[in-house]
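One structure coming up, written as structure tokens, with questions to follow.
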Amino acid sequence: MANVTVEFLGGLDVVVQKQRVHKLHLPAEVVSVGDLIEYIASTLIKNPRDVAVFLEDGGVRPGIITLINDTDWELEGQTEYVLEDNDVVSFTSTLHGG
Amino acid sequence: MANVTVEFLGGLDVVVQKQRVHKLHLPAEVVSVGDLIEYIASTLIKNPRDVAVFLEDGGVRPGIITLINDTDWELEGQTEYVLEDNDVVSFTSTLHGG
Amino acid sequence: EGVGADRLSLPEYERYGRQMIVESTGGVQGQLLLKSAKVLVVGAGGLGSPCLPYLAGAGVGTIGIVDNDTVEVSNLHRQVIHDSGKVGMLKCESAREVLGKLNPNVKVVTYPVRLDYSNAFRIFEGYDIVLDCTDTPLTRYLVSDVAVNLGMTVVSASGLGTEGQLSVLNFQDCGPCYRCFYPTPPPPTSVASCSEGGVIGPCIGIVGVMMAVETIKIILGVYTKENFKPFLMMYSGFPGQTIRTFKMRGRQPQCIACGTERTITKETIESGIVNYNVFCGSRNYNVC
Amino acid sequence: EGVGADRLSLPEYERYGRQMIVESTGGVQGQLLLKSAKVLVVGAGGLGSPCLPYLAGAGVGTIGIVDNDTVEVSNLHRQVIHDSGKVGMLKCESAREVLGKLNPNVKVVTYPVRLDYSNAFRIFEGYDIVLDCTDTPLTRYLVSDVAVNLGMTVVSASGLGTEGQLSVLNFQDCGPCYRCFYPTPPPPTSVASCSEGGVIGPCIGIVGVMMAVETIKIILGVYTKENFKPFLMMYSGFPGQTIRTFKMRGRQPQCIACGTERTITKETIESGIVNYNVFCGSRNYNVC
């Protein structure tokens, strides 16, 4: 039911048709950020091979930072965080180039 | 009654004790941005000589850009704009250094 | 390394390869746009210093530099294209030397003159884009007015202390100009109280490099008449580093430079009827 | 120009005057802090190139540069401290030459070696701050681990394409370290799909100059144990230029590098027990 914005930064947009920002109207069963991650893997990522770029062992792949309203999800309850209307969830790959 | 944030950028904070951001709880008679400008001149600016840095002929001095919620006030009705709770009004001097 | 303007040599592919593979540059076509671009940079100081090497490095084909100042030791904390051995040398020549070594494919033209109403048209003509890296309101109005008359896009920036501002003006001859934003010049007396503000080198440096990013975007066609929205970016370095983007007014119909009934024309500028000296108070304008 | 570290000579006043009058620098006291600061920069590439001249220009007293790479033509669109005449030269020596000319007051020390577990402590010791301008996860973990063991603050940044990231790590030996943010190294195989991403010169350039701003703030004491909040800044150059600042986790008690039961120590690093080669897959990591 929540309307949330999901962003894929740091080159991670390759897994979602190069579209960095997605405005989603979530179905009722997507309640937490954990649910959202499953929803992204099953719905937003079209190419099954790309799922491994985003997920590892069911969780967000190491090297990807997850942010809820510009705050590290570690400070917000990680997967347990309950989504609210207008939340912005961002995933960013760590860049290594220098 | 409105709670607004007022910012003085681009060196303009010199007129308000070097404090860039002021969170104001406005009295009821301050309704429009025009009222706010008078309020700033009469209340926030402590040194009367500094008023001339901020105002000229009763209006905001040329060279100062006024923004309402990060948008040029020319697009928002200038002095006529009616303030709402949580509005951010920013004044920025034009910089010339290069 | 060079070949004609319509193709790239093997050494050019090698030199620009790492930027050509970035999707937003448009690959070979984008590189050819850069190669045929003519960019005029007015001022080789705190903004021009960090901007110029990135324009040359990216392969902008022709770069003009206008500056009649000479290098001083007190410039070097921020004007890092120059060096202590070049104190007393013209800044435009100092910069030309650096760019020539960085990328010999780039044609660098220098103008060791003070830009004024009588020489601006002659200098600007033939360039596509002008970068305003100057430090007085006088030149800012002049650069904008001449660019409007020649239909050139302006990347205009400034910096002081720990802050900077950047705008793209007269974009494709339909965006707002400097006078649309600032129809009335600031009174010289109003800025006295914060004179001698000084500047942190890398703070103005970031704004200079941001100018290079905007210029490259303009050349590559990232901005179009359809998607361009007038803006003013504001960088702050302290206490946290931020860029804020303000949405700005469009071209103003009543603007005397770009509006429907213009009075600022090549003729009125060159004949001295437009009085730029009104901005030339005795005050130091590098302030607020 | 130089005098002792506890005062400024007249030529130094002249050179730094325009930055000393900026209130946030703290005037003479701030300039003396810069003069006595010892900053180590690991990597003289896309980030180090624009950062180094501003550190030298500002008067950072001692600058170390670690890089065993040599200049290539394909670097020059973004590594603008070098030039075409220096192709084949060690990047650290090329940079030293430029800094020496820019500001002869600065002591520049070069380390033409590849940073690894066996030499890192020897190189880092004696410096106050280390700037991570490297381009592989291996070195990022190593720089952070060694800095934590020596109690040094790290300014860590990276860039690719049109984006960049910047963070201050192990701030005053109480902020989070690289392993607090990234406890598990990324699997080499996961980043294959966007290999060979390329980079826009001024985009990574801005991030490099931002590193100089952060370093100067750390030296000047703008950040304190009381006001410092862990952050990750993210710069994007296209389509609009933005800096976003993400609020990040603090130091993690369970972190194996900086936590309460550390296993990453000088001994385990130098003996090779900490296996940094796990990050050394065959994949190109300069990617996403």
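Points to keep in mind about this one:
First chain written, first letter: the chains are A, B, C and D, and each begins at residue 1.
Keep in mind that, in the parts below, a contact is a pair of C-beta atoms (placed from the backbone, for glycine too) under 8 Å apart; a residue touches a chain by one contact, two chains touch by 3 or more.
Here the structure is a predicted model, which means the values were calculated and not measured.
Centres computed as Cα averages put subunit A at a distance of 29 Å from subunit D. Per-chain CA centroids place subunit A at a distance of 39 Å from subunit C. Multi-chain contact residues, meaning those touching two or more other chains, occur in subunit D at positions 161, 197, 199, 245.
Touching of two or more other chains is recorded for no residue of subunit A. If you draw each protein chain as a dot and join the dots that touch, you get a simple line with two loose ends.
According to the touch criterion at the top of this document, the contacting chain pairs are A-D, B-C, C-D.
The residues of subunit C lying in touch with subunit B in their complex are 43, 45-48, 132-137, 140, 157-161, 163-165, 181-187, 189-191, 193-194, 197, 199, 204, 232, 234, 236, 244-249, 285-288. Per the touch definition, subunit C reaches subunit D in the complex via residues 11, 14-25, 50-51, 53-54, 56-59, 73-78, 80, 82-85, 98, 101-104, 161-162, 196-203, 205-206, 209-210, 212-214, 216-217, 222, 227, 231, 233, 237-243, 245.
Considering their complex, residues 9-12, 14-15, 49-50, 52-53, 56, 61-63, 65, 67, 70-72, 74-75, 90, 92-98 of subunit A touch subunit D.
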